[in-house]
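For clarity, chains are labelled A, B, C and D in written order, and residue numbers in each chain start from 1.
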Amino acid sequence: MQDQLIQWRRWFHQHPELGFMEYYTTYTIGKELEALGFTVHIGREALASSARYGVPAPPLLHQQEKKASSLGVDADWMDKMRGGHTGLVATWDTGKEGEHKGFRFDIDALPIHETELEAHLPYSEGFVSSNPGVMHACGHDGHITIGLGLAHYIAAQPSELTGTFTLLFQPAEEGGRGAKAMVDKGWLTDVDSFYTSHLGITPMKVGTVAASVEGFLASTKLNVHFRGESSHAGMKPEDGRNALLAAATASTQLYTIPRHSEGPSRVNVGKLEAGNGRNIISDTGYLELETRGETGNINNFMLQEAKRIIHASAAMYNVEATIEFVGESQGIVCDEDMLSSIPLEEDSYMNQILTSAKVSGSEDASFMINEVQAHGGKATYMLFGTALPFNHHHPSFDFEEDALAVALETYIHILQGGTTT
Amino acid sequence: MQDQLIQWRRWFHQHPELGFMEYYTTYTIGKELEALGFTVHIGREALASSARYGVPAPPLLHQQEKKASSLGVDADWMDKMRGGHTGLVATWDTGKEGEHKGFRFDIDALPIHETELEAHLPYSEGFVSSNPGVMHACGHDGHITIGLGLAHYIAAQPSELTGTFTLLFQPAEEGGRGAKAMVDKGWLTDVDSFYTSHLGITPMKVGTVAASVEGFLASTKLNVHFRGESSHAGMKPEDGRNALLAAATASTQLYTIPRHSEGPSRVNVGKLEAGNGRNIISDTGYLELETRGETGNINNFMLQEAKRIIHASAAMYNVEATIEFVGESQGIVCDEDMLSSIPLEEDSYMNQILTSAKVSGSEDASFMINEVQAHGGKATYMLFGTALPFNHHHPSFDFEEDALAVALETYIHILQGGTTT
Amino acid sequence: MQDQLIQWRRWFHQHPELGFMEYYTTYTIGKELEALGFTVHIGREALASSARYGVPAPPLLHQQEKKASSLGVDADWMDKMRGGHTGLVATWDTGKEGEHKGFRFDIDALPIHETELEAHLPYSEGFVSSNPGVMHACGHDGHITIGLGLAHYIAAQPSELTGTFTLLFQPAEEGGRGAKAMVDKGWLTDVDSFYTSHLGITPMKVGTVAASVEGFLASTKLNVHFRGESSHAGMKPEDGRNALLAAATASTQLYTIPRHSEGPSRVNVGKLEAGNGRNIISDTGYLELETRGETGNINNFMLQEAKRIIHASAAMYNVEATIEFVGESQGIVCDEDMLSSIPLEEDSYMNQILTSAKVSGSEDASFMINEVQAHGGKATYMLFGTALPFNHHHPSFDFEEDALAVALETYIHILQGGTTT
Amino acid sequence: MQDQLIQWRRWFHQHPELGFMEYYTTYTIGKELEALGFTVHIGREALASSARYGVPAPPLLHQQEKKASSLGVDADWMDKMRGGHTGLVATWDTGKEGEHKGFRFDIDALPIHETELEAHLPYSEGFVSSNPGVMHACGHDGHITIGLGLAHYIAAQPSELTGTFTLLFQPAEEGGRGAKAMVDKGWLTDVDSFYTSHLGITPMKVGTVAASVEGFLASTKLNVHFRGESSHAGMKPEDGRNALLAAATASTQLYTIPRHSEGPSRVNVGKLEAGNGRNIISDTGYLELETRGETGNINNFMLQEAKRIIHASAAMYNVEATIEFVGESQGIVCDEDMLSSIPLEEDSYMNQILTSAKVSGSEDASFMINEVQAHGGKATYMLFGTALPFNHHHPSFDFEEDALAVALETYIHILQGGTTT
């Protein structure tokens, strides 16, 4: 099946779409799954519309919707997905009693211009992004591929399978924007065991699998809009209400939030844009920022401090600040033993299973993992090793396609056994 | 002649071009002056190439050059102007002994989207900008018009005219970028009396003329580029060198430069752009700023402080700062008596001449005025009254076209008499 | 009389007392004036208790009161002055019709350790401060002396004197704390002409008198107390509410208040004290600051901005800020012609009278001058020239004692003539 | 022996002395140990003079030396200790082959005014500090007591003791100032096993012993002096070089040092003093600060960032900064098994031994522990449980005196056995 995996991966790599605009991606996955016999839920059936974070502005959505239609997405699919309701949930019932297993694959790409150099395989092999400025630079093309591979295996109805399966193809993982909307729709409330995974992240060779991770930080993503009053900087400096300075002050001050004694925390302002012209007191300021914490408690501390600092910075210059929540993820504690029953055989793609790997960063799969565990289920986040010539989110990011077979083999073992064997 | 003035003004208003890209404007003025018999100097004959500040980037210039060609500008004119060598100098010798008089008219427009509302005369009368995002919002369309009117009067060779005349149609006044390049070419070294002017600025009725101004501040315009090192804000915050914070810190700190006891000073950061994405320690920061001072000494104090603060802000975050000088103007002391011999007659457009008007802001005509005075000549900056429904640089800026005749009449009086009568 | 002037000056120089603690000084002046026949008003008769700014803390007052008693100040005087009610008003009626003239002399010293070097005349001549850490470093010892000289002249009842005289010996000029309390008591409401003065300030030779000044800025003096919550910086950094950072942030931010287009403004934080120990998040912060402006309007702008910035800085760190008003002075416009009738004779100490001198800084005599002018009187602030080896407020400050005779002669001319001759 | 322990503890509690000024304390301990037969090393024999951090200024030392003499400290002891050479090392040789065991007890008090309330046992029982403003608020009075108890046990020469013992009574633990000086004198180079301890710290009941700790942070203590130039804030603001603003800016900016991904870090400015008077641009600024990190590497990162920020803050205002190192401590990794052979018997004071306890904060015993381990020895830092009505360093700090017997019993077990049984 390895050829098929590579073919899929390259197709999705060539057709990247940004979060909540994965119209063509969702449609392509959905048609495949329907053909296999899965029950497919899309649009507002798949996710809770109001629980989505950071949905793009209507004109942007509209433009992508037109493009998807022109690429051949059916009108009835478009009707359901319109307005950023991408992603899908596919369910399968073996008809035999057994566990309800949940699997999640994230499907969105990043706003990055992909490298066009011979040394970059997607370019030299001709499957570089066909969507300028958008790129699968975090391996989600591989994640979709693994999901499709798993679906094909299930649909082949091997006799050993029991119970039911839910496959979540989640939109908008980047920025922590899509997972909660699927959780809020209720898909995870009676899942017994839940699995999701990432290619790469921690340096491990192809063939190595980490059964769980520790270190994902809870995180909140915010945009801030400052609104002041402009004035001529030479003629009437005293009439301005300087939104540029409010944004600048908030930026430096946010980094003064104290360290927390209970564990790691983070804050970052990653973007600042303010002002119009050199000789005008600026009436606008804009920030993109995030807080993180090892626990929800620590992240919440960071968030509350950040909000106070932002409003105080606005007050400092007599301007108004509006804080917009655009994404969120939680910390997680994986069940570490969920791959413990998997045997390593001589001819397998897998050749080492680590109990746990240390990571950092944040992931909105955390909402799903915590939801499953809150209802008594078990859940884990796995990693599949691959050499990485460039880091995730780099314009030259690429992974070893051999890792796809390792991942699929792992998921097939999970289907067969899981935590109960 | 008033109809002709209005016609010219509206034509230039409809064809605005940004500083150092006034190809079509320069060509239009130049062809008119050549037809009248003026000797016209363009390109590197008109200005010292390396003394220009803030010339737009080559791709932008190239784009405008192509556009100008497509609008019909002759190839040999384009060859001389290419690369941002716009503006022109036109000379006339009466053949009779007398003063050498210099006149300067600025010709550039602003990066502003012009209002499209019925209440806005240029829109309702159909001469709104045909160049989207560019607008004559500071009255330079009127200044060109006055210059053309003056040239027509001179070309009519009235018997009373003596001496020689130099008319400078200066590019890129906005941002203080073009005057010094004309000065450095030597056009002002033997001018006996020099006149330039602005429509509006100080609230005065149509018909009122201010013979001089006081209060223009010396000013320096700077762009600053900060270059740091990016890093993942969650995984490796300690590896970043934060250029966003350097730019933010410089911004707030610049405003802490002390007041100067010898007179007014100003500093403003009018634009700040930094960062790429929320979860990345930013490796770039960019500022547009200006300093001002009542005297060159005060402005220099502001500038030296600003430079130190910018470099210290960079050092604070271990990033590099590059400071780019993009414009400059000086303070001026006008000769106040240069209109003193002009009579106010019953049927004249002028009905009041004020000795001096209080202004603020900055003007690069200051370089010309100071040059003339340094060589023993006399010089002034005049204002022509007009009601202003909206301030200069506003998307709905407009002036009373009656003011054009007032201005032309004043200049004709100057031609006839000047300081020596 | 010159010997007497020097003797007085040296005695007061040797016995300096800080503002609102000039018990011994007031008593010494008062007893002298009573002996001359003046009606002397002290304590709450002289000033409005609640209109005093920045009265020292009770224990400090108490200590100085005990000291004054031990130096021989009568118990009934002490009873009236207790609690910081120092200074006095002395009135004289010639019994003849005429102007009501007001004169003000400030009497307080500064918290400065006086130099003990041979080169410092007060030390080498043995009249250095006998009150360690307190010094007449602004010439108020000379001002008292001039006042006493004037009183002696009045008491000699020369026949040419007419009208009534009010002599205000004002406490606590430093910091702008005492003048308003005398004004609020009503002493200036029917004064026809008012005179006060300073030794030095502007560089002028002995013998030169400036009849008026321009440039005193309106000013407000504030202390700020920040109160946060301490915490161990290593163990529980997140529990602190950092008052040190609030004070530091307020300090830097206060300097970012925009320049005002209508005239000069100032802001300064002259003292910052915060924190307890290196490893403790600080729960206290303290600032001493001042705002200034050419007009009351400009100073008020500075003050309102300062208050907002202080409260925003407190909010930034979740601490409380209390703002205490401790002094105030106003801008003034002197009547410039009040010395215009004074003749310069060959044998006079005065040898030049300037119409006006340029100063900066602030003075609470402004309250008196504005009060007199508001009621239709005329008022001025004069300067008497003297060489100054060191600036005002320097530990080695001293002035030329010859300037005392110049000043007294000027005041005697004023007594004789004034604005009406 | 419990009565004796309590008696000692209360005596030392009543006679607290600050770091490097423990003249009377050292003398009292030393005389006791000499009487017991220990060889006692004091002054420059006990510690390397130049390796001490943060020695108080000579006038302060001199004052305390006079006081110690007046309290009866022998002149020859004073001669050796003069100049801040306090603390002592006492050695004992059993004459039998065996391990060289080292023990360290810190002896300094804190600059805190002790509570005088009935609810505070030292007050109600009459052993409150007799040295106003100085207090044993961290239990070092108890530590000395444990050391004396241990010495008495050793001197009783029980037959089971073998090998040699070194008891270090260390000065100036607060601020991490004294330990390194004893290490540099070479006392720890051939110690086989090393023990030191603290009362309290982690919440544990009396009777509970933690055999080791984890979590002490490496730390560096700095003072910073900023030197600028003063100027009159109203008259010549542009002439000042503002050291107050440099200190304030450094303070806020220091908190912006990024979090470190490898582990906890800290920074704190605990004291800021700047400026002279309200209307003077400040020419002085002073900071007391510290950095911390879980590892030496992390602390070093914090330190290097701090130094750059301090110098950049100085450059920002054109002032000079001098950084003074005044204390240091390292991170440690205890040998956890050093109490593993101690039996818990029914009648013992100890009733629970935890392998390890989590702490934070910093300790300069780290220098000793790292030195012993670097030479192949084993070392640990123990905790003895006690209820704490108020935290360490609180004016009402007190501990349960029953904990002293628990500690002594533990140390006696160590003497008898240690790591080799």
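Brief remarks follow.
The rule we apply is simple: a contact is a pair of C-beta atoms (placed from the backbone, for glycine too) under 8 Å apart; a residue touches a chain by one contact, two chains touch by 3 or more.
Here is each chain with its UniProt name: A, B, C, D = Amidohydrolase.
Being a predicted model, the structure only gives us computed values, none of them experimental.
Among the other chains, A has the CA centre that is most remote from the centre of chain C. Should one ask which of B-C and C-D has more C-beta pairs in contact, the pair is C-D.
Matched by residue number, over half of the contacts between the chains of A-D recur in the interface of B-C, chosen from B-C, A-B or B-D.
Inter-chain spacing, taken between the CA centroids of chain C and chain D, is 50 Å. Chain centres here are Cα averages; for chain A and chain C they lie 68 Å apart.
In whole angstrom, the spacing between the mean C-alpha positions of chain B and chain C is 50. Shared interface positions of chain C, i.e. residues touching 2 or more other chains, are given as 235, 237, 245, 249, 252-253, 255-256, 258-259, 261, 266, 281, 360. Of all the residues in chain D, the ones that touch chain C in their complex are 111, 175, 217, 219, 221, 232-235, 237, 244-245, 247-249, 251-252, 255, 266, 268-282, 288-290, 292, 360-362, 391, 393.
In the complex of the two chains, the chain B residues touching chain C come out as 252-253, 255-256, 258-259, 261, 264-266, 360. Taken in their complex, chain A has these residues touching chain C: 235-238, 240, 242, 245, 249, 253, 256, 258-262, 281, 301, 308-309, 311-313, 315-316, 318.
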